[in-house]
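A, B, C, D and E label the chains in the order they appear, each numbered from 1.
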Amino acid sequence: MENYLLIPFLPFAAFLINILFGRAVLKEKAHWVSILAVAGSWVVAVMTLRDVLAGKTLNENVYTWILAGDFKVSVGFLIDQLTAIMLIVVTTCSTLIHIYSVGYMHGDNGYYRFFSYLSLFTFCMLMLVMANNFLQLYFGWEGVGLCSYFLIGYYFDKKSASDAGKKAFIVNRFGDFGFGLGIFVIFLNFGTTYYAPVFAQAGSLAAKSYNFLGFDVHLMTLISLLLFCGSIGKSAQMPLHVWLPDAMEGPTPVSALIHAATMVTAGVFLVARCNPIFSQSETALVVVALTGAITSLFAATIALVQNDLKRIIAYSTVSQLGYMFLACGVGAYTAGVFHLYTHAFFKALLFLCAGSVMHAMGGELDIQKMGGLRKYMPVTYVTMLIASLSIAGFPGLAGFFSKDEILWMAYSGSSPVGKIVWASGTLVAFLTAFYSFRLIFLTFHGKFRGTHEQEHHLHESPKAMTIPLMLLCVGAVAAGWVGIPALIGENIGIHNGIAEFMKPVLGHAEGHGTHGEELIVMAVSVVVGFAGIGLAWFMYMLRPDIPGKLTAQFSGVHKVLYNKYYVDELYSAVIIRPTIWTAKNILIGVTDAKVIEAIVNGVPAAIGGVSRQLRKIQTGLMHHYATIMAMGIFIIAALMLMRSW
Amino acid sequence: MEQVMTNTMGFPILSSLIFLPVIGAVVLLLLNRTNENLIKWVALLFSVGTFLVSLPLFSTFDKTTHAMQFVERHAWIPSWNINYYLGLDGISILFVLLSTLVAILCVLISWNSVKMKVKEFFISILIVESAMIGVFCSLDFFLFYIFWEAMLIPMYLLIGVWGGPNRVYAAVKFFLYTLVGSVLMLVGIITLYLYAGRTFDILALSKLILPYDMQFWLFWAFFAAFAVKVPMFPVHTWLPDAHTEAPTAGSVILAAILIKMGAYGFLRFSLPMLPEASRAMTPVMIGLSVIAIIYGGVICLAQTDLKRLIAYSSVSHMGFVTLGIFALNVQGMEGGILQMLNHGIVTGGLFLGVGAIYDRTHTRQIADYGGVASVMPVYASIFIVFTLASIGLPATNGFVGEFLILLGGFKASQWAGVLSATGIIIGAGYMLWLYQRVFFMETNQKVAGLSDIGARELAALLPMVVLIFWIGVYPTAFLGFMHESVRHLLERVSDGGVHGVSVAHNVLEILK
Amino acid sequence: MVPLNWYLLLSAAVFSIGVFGFLTRRNIIIMFMSIELMLNAVNISLVAFSHYLQDLRGQILVFFIITVAAAEASIGLAIIIALFRNKNTVHVDEMHEMKG
Amino acid sequence: MQLMMPNLQPVMPEITMTVLALLVLVADLVIKRKETIGLLSIITAAIVAYFLTTAKGTAFNGMFLSDGYSIFFKLIFLMNLILTVLISVKYLSVERVNFGEYYSLILFSTLGMMVMASAGDLIVLYLGLELMALSTYILAGFLRYDMKSNEAALKYFLLGAFASAFLLYGTALVYGMTGTTDLKEIAGYIALNGLAQNPMLILAMIFVAVAFSFKIAAVPFHMWAPDAYEGAPTSITAYMSVGPKAAGFAVIGRVFLVAFGGMKVEWSAVLIPIAILTMGLGNIVAISQTNIKRMLAYSSIAHAGYALLGIIAGTPDGLASVMVYMLVYAFMNIGAFAVIIMLRSGDFKGDSLSDYEGLAKTHPLAAGLMLVFMFSLTGIPPTAGFMGKFYLFMSAIQAGYTWVVLIAVIFSAISAYFYLRVVMLMYMKEPKETVALSSSPAIGLALAVALVGVLAIGVVPSFFVNFAKAAVAGF
Amino acid sequence: MSMLPQMFFGYFASAIVVLSLLVITRKNPVHSVMWMLLLFFHIASMYLFLNAEFIAAIQVIVYAGAILVLFLFVVLLLNLKEELQADRFIGTWPAGLLVSAAIFVSLAAALQKFVPGPKGNFTIDLIQRVTHTKVLGQVLYTEYLFPFEIASLVLLIAVIGAIVLAKKRMRSH
């Protein structure tokens, strides 16, 4: 635990070395620095977890970052149970993906750049999870966003890639806007931005109302919702989810690490971290739960009809993140974090498999042009199958436990919307199973539908890539075993380890149902999972003509889904185009040009005009001069005489 | 005289700073104009020399007091009770250092890009440097005004002689705009001087209690000068033209120092001398700041000219500065001052960067660029640092400043805080879009085959990069200078009884 | 006794006639003569004042005015001659080489 | 009645000047090299300046006052004289009118100004004024073969005579109402009999004001100035724009603050509109000029407007500020004209604004000097122009005329536009044709003196301010 | 007292006004000069009424004798024939008439408020006893010596000026 500073700063050192010397010195050996650094972090993280398991926590300030009046904030670290879990998730995924990238990025001319970004990302992510105050959290938050920007736009010469990077950053800024305001409100009410005192006071301020922009609102609700804005952006929830699918322009390891396993879950982490605040506001929790539920449903429906391999997984990610929020929203933070943890493994795995497929397909992403890859790339196939089973909730695999926990908590918890979100969650579970297996079937089964050239090129990926796949596969299978629910665990003598472990930080949500109910909920989720798989098998293996017919019959629905409910178009029409139009036609065209500049240039022009008129008085004719003089005399005399008479 | 601490350096350090560049200019004047290399080296020598002389300020400044330090005082025009009175406090010291640094960078960046009237160019740069330092050091209002105005001459030449195609218009506009503001301030200064019993001593004037009516009129007289310099909405339109047409060094000086002088003026004069009026006018000032932030930002989205875009972004960023200052609380003000410094570094850096590439392509149209990152990777990575600092990414200086300002602004007026925070979103929008259009995407024919920046340009850009991270990661090193001075200033502004700031009341007051 | 005001009124009348001549005549020489008229008007009032105030200063001033008028006449006429040599006219409305 | 030798000590400078001027006139007959005559004039000025130091006192029953006030103005006149002679030497030979009378006329004209500054009696004032004016009329028409010069002289002369007639009429009325022509006695009589509000006296005051306004070229009595300045030989334009103007201010100060001191309310009501119109018209019309001499003529009108502020203030400080401003104006304006004169060579007129295009490239030194003078005329620190304006504005504000100053500063900002245009043409345009400079050591010296004056007063005005203040103290 | 002085004044005043008008309205400059000559004699006569014999004398000698002759010379130098063809007044003469009338009206109006100054020592008796010329001379050469000297310089200037401007002389060099 004493070496905790090594965890973030090893990757940071790697970043510095790579960015400074990568291009000239290290070149294609750049990965060594990064891998060693992140592996070192992993080792320290594991040791830290051991200490935390032994009951030690840490909250330490390193140095004062900003000090202005009573506003003081440090660079400081908090290591507790939640942090420890996150550290494991981040360093593990990161390490494996670093290794994977060695194979995947081989030969790329920005090799050093890629690894330095990955290291920087790891650093920022670790700073985010280890922060002991909101501002440092914000630092990591924006830092990972930046790395995301760089990595999405890694192939910057592609317009779509640079567009996507920019979009990700800006959309996130919308979320951060609320997040920042949240921090202001926290500071103004709590007088500090450190977690510990804020959370300690949260209870006593629970009833406080606060005047915000002229409205009296419940303080805790306000803070929660403002912070949640940040989560919405970072975790790609409705309505700020639009950036994540586009983010798939980045190299696949990036999608796996940033846009599946770690960064996007930061929103969930934030809500979990701030659970003392969120718990004080039922309204906020309901909003969180509903946002999660709607997003998960919404994304899942879109995923049904997409053909882009990575985009399907991306929508799946959005959907699963919705799940996590759903969990948090019903008060089951542990379940949310648990799902975060299991999701990291199987989703990273899914992405890496997708990467492996792309590697083989020469960058092709359209699953309509794949098929039958099973025989060419068995490792990829098996690992991806396991990952898909995991996400579909196949009993015993990681996804099963976490998803089940969430659904049960939703069903049995005290949340007013619990039943609704349970129902939607169950539906999503069905859809998830369906589209996951649609993906599997279309990609790996049947006949190859791509070009001949591609078929010739098909091969299993190199060791550097397959070994991480296999390791992650272990996680996708076994990660859930730390959270075996009491229902099952009691019988075989295993505790729900994670719930116990997280209790000091996240509290313990009590279910109010009987074992019987719990069993039913579990059964339902298993059944819908199998139903989804079955339907996918039916539609894409047995009767491949059905999807086409359905598409034709419900062409309207399909179109809406295929075009992602036209959200991007909506934003373009409502925000982007009006803004630029205003800038061009109102601000530049009217305010600047016709008002301000008209005055600024008009006054001198007018003076110039007056000047040209006035000079005409000077006719050059002396008698005019004399007349004017005499007139001047008379006018002055007349005025003065009238004045003094 | 508990407000001042005399100079214990053993030599008049501030005078040296002011006059070293002048001596340099005189030396240049005497050199043969055909020997351009010598001229450049001498200019560099003097700017570096000035910078080195300024470094002890940084190390020996006493941060535990708001008192003026390194004070020098000599009678200058005794019949008008005008003194040559110099000193620094926590608010001004950083700008002196920035000025000396920026001068070096300007010399470096202009090394090859200035081809005609080389001698006059470097003379102008050195004189500008001297005037800039003088503005920040003056403790006598009259002396301040002298430097303030004197700066116009070399700046006018810098823009008008070595600028772009529309330089004459821009130079005249710059000059007249600022002159109109300044002369109105002059009337205010004289009024204040006479009222105070014939003294220009800034410290004495800052203790004065003026009747509210007088404060009100003086506030607007000073506003005329300072707001134009900042520039605040709606007197900002000189800036895009001046920035766009000025040569790189001119843009850098404008961005880094010159427009800071306006904000500095508010801090040094408007607030302490006219506390009641300042308090009463905060709604107006905050309103104008918020408009500037959003207006400047949104307008950037429609720019097609590289330098013009950065110029409008300055309007937006300086809106943050004035917002922070007129939030009238510690966070806002310290943020504002820091942001002045930040903006100087970042926008200065952006202009340096733009200059470096302009020298190669001779076009400012964004559409003429694209894919520069492929051709000039080092340059691209430095430029991204400036871009990120400009949009206020944490760990860069921009974040610290903007965060404090927004916090302070939010504290002062929630609406202002919320509306200004949208500036952060817009800022990310236009800067990243700019970066994308210039550096990303397919390589434009016009930039294909450009050489990456050389050692000299790197030397000009790197100090800015270092400062960006230094301030971003350890802002205490800079904020520490200003704590005491800001505290003292805020005490001054807020004492004299509790005056509720009622927007409606003040709007009525203005309409009257 | 003739009231002083009568003299003053006469003086004012002559002065105004001088002004009128100066303002309206085209011929520079006549304009110049109008000025002499104005000076004479002044002289009339000065001598009258001198008489009524029993003080000689007015007459001293008249003496100087006449002297200066003589000097003025010589210079003025010299200018007119120089001009006439170059331009061959003495009409004031033809002198507009410079204007604006 | 016994003839007594009056105390001539105070008049020594004038006597010296007369004697030496006559000597110069005679020397012209024997000396062929006219440059020598120029040198003699400068020596004359120097000797006169020397005598000024011991010339304090009153002579001729208070008709002649040699106080600090007049001495200060006389120094301005002498400085004006020296600078004008310095810039004339080469110019006269370029214009081919290198006659010795030129110098003696300048000397006599300066003598007239000196008499004006010292006049304690309206009669003396009138004679001084005519001595100055008549010499200047001749000088304005000195280029006998040049139509413009003729026309300038004619306009200046006729309108000047017209204005003098008004001065005389005013003087006569004042005399008639107060029974005296002595300035102090006039003031005393007005105060004693409460005549300040008397319409007739006000009319008289207006007539006097009109004549002086004519001399300083204040609107609407400025009409002669642009034409006379444009047509006159450039050296004389320089001379006219400073000397008679300063002399005008000297007598305005004396007459209005002493003789009409009790009528301040009345005459400030006359002078304030005049001042505002003067600043406004001068600055605004200057913008659309294309001839630099004409532009400077309008500029000179405008500067008279600024200087009137000091008179309007009516305080010792105000008067001192006018004095300092006139000195400053002498340096900067003659400096500017020195540059203009250098451009005149051979058949090249060099007085069109477009002739200045690219001067910085062909003649960087001349352009640099012009730049300094232009900025000084604009009133940008650290030049003397700023200090002068500052002092004027300060005294006007102190006297409570803040609103007039506000107008003045706005016009002053407008003036930047046309002064800057000269700088712009010199520095920001490419030269059209190569211009040969007709420079000479004398012009160099004049420029150096002007430059030092502009910068010295700009940086350390203390000496001059104290001097002016002390001078006013004995007023 | 009789009405005689008033009657004399009435004659001379009306004559002066009429002659003035004639001076400025004649087309032929020679006629103007001639009318002016007559005018000056009338003015001189009026000075005699006011006990200013010396002034009356120089009015005749200097004005009529010197200045007007000078005018006549110049007039004769010019082309009279053309002059007789040309317009007498400029086009805008009504404006001039208006302004000069206005000035006259203001003067006349202000005249009502005229208050004469204090009486001095030079009574009519004294002047008549010592003779006007002598009295004037005494004052001029003692009290007004200084302006007198300056007046001499003015005349000197006139001489130089006339030479410089009117004398035919080649350009230098």
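Everything that follows uses one rule, which is that a contact is a pair of C-beta atoms (placed from the backbone, for glycine too) under 8 Å apart; a residue touches a chain by one contact, two chains touch by 3 or more.
Keep in mind the model is a prediction, meaning the values are calculated, not measured.
Peer 1: Please report the smallest number of touch steps linking chain C to chain D.
Peer 2: Steps on the shortest route: 1.
Peer 1: Please work out which of C-E and A-E is bridged by more C-beta pairs in contact, and write that pair.
Peer 2: Most C-beta pairs in contact, of the two: C-E.
Peer 1: Please identify the chain with the largest separation between its CA centroid and the CA centroid of chain D.
Peer 2: That would be chain A.
Peer 1: Based on mean C-alpha positions, which chain is nearest the centroid of every protein C-alpha shown?
Peer 2: Closest chain centre to the overall C-alpha centroid: B.
Peer 1: Let me check something: if the centre of a chain is the mean of its CA atoms, which chain is farthest from chain E?
Peer 2: With centres defined by C-alpha atoms, farthest from chain E sits A.
Peer 1: Quick one: report the Å distance separating chain A from chain B, using the average Cα coordinate of each chain.
Peer 2: About 37 Å, centre to centre.
Peer 1: Measuring centre to centre with CA averages, how many angstrom lie between chain B and chain D?
Peer 2: 42
Peer 1: How many Å are there between the centre of chain B and the centre of chain C, using C-alpha atoms for each centre?
Peer 2: From the centre of chain B to the centre of chain C is 64 Å.
Peer 1: Using mean C-alpha positions as chain centres, tell me how far chain A is from chain C in Å, no decimals.
Peer 2: Computed from C-alpha means, the inter-chain centre distance equals 97 Å.
Peer 1: For chain E, what residues touch not just one other chain but two or more?
Peer 2: 90, 92, 95-96, 99-100, 103, 106-107, 109-111, 114, 116-120, 144, 147, 151, 154, 157-158, 161, 164-165, in rising order.
Peer 1: Residues of chain D that contact two or more other chains, please.
Peer 2: 123, 127, 130, 134, 137-138, 141, 144-145, 153-155, 158, 162, 175-176, 179-180, 198-199, 202-203, 226-227, 288-289, 417
Peer 1: When you check chain C against every other chain, which residues touch at least two of them?
Peer 2: Touching at least two other chains: 4, 8, 15, 18-19, 22-24, 31-32, 48-49, 53, 55, 60, 64, 68, 71-72, 75, 79-80, 82, 92-93, 95, 97-100.
Peer 1: Let me know each pair of chains that touch one another.
Peer 2: By the stated definition, chains touch in these pairs: A-B, A-C, A-D, A-E, B-D, C-D, C-E, D-E.
Peer 1: Can you list the chain E residues touching chain A in their complex?
Peer 2: 90, 92, 95-96, 99-100, 102-103, 106, 109-110
Peer 1: Show me the residue ranges of chain C that touch chain E in the complex, using the header's touch definition.
Peer 2: Within the complex, chain C touches chain E at residues 1-2, 4-10, 12-21, 23-27, 29-30, 32-34, 36-37, 40, 43-44, 47-56, 59-60, 62-64, 66-75, 77-82, 84, 88, 90-93.
Peer 1: Can you list the residues on chain D that touch chain E in the complex?
Peer 2: Residues 1, 3, 6, 11, 18, 25, 34, 59-61, 63-64, 92-93, 96-99, 101, 104-105, 108, 111-112, 115, 121, 123-124, 127-128, 130-131, 134-135, 137-138, 141-142, 144-145, 153, 175-180, 189, 193, 195, 198-200, 202-203 of chain D touch chain E in their complex.
Peer 1: Considering only the defined contacts, which chain B positions touch chain D in the complex?
Peer 2: Of all residues in chain B, those touching chain D are 33, 76-80, 117, 120, 145-147, 149-150, 152-153, 156-157, 160-161, 167-168, 171-172, 175-176, 179-180, 183-184, 186-187, 190-191, 193-194.
Peer 1: Please name which positions on chain E make contact with chain C in the complex.
Peer 2: 1, 5-6, 9, 13, 16-17, 20-21, 23-24, 29, 32-33, 36, 39-40, 43, 46-47, 49-52, 54-55, 58-59, 62-63, 66-67, 70-71, 73-75, 77-79, 83, 86-93, 95-97, 99-101, 103-104, 107-108, 111, 114, 116-124, 135-136, 139-140, 144, 147-148, 151, 154-155, 157-159, 161-162, 164-166
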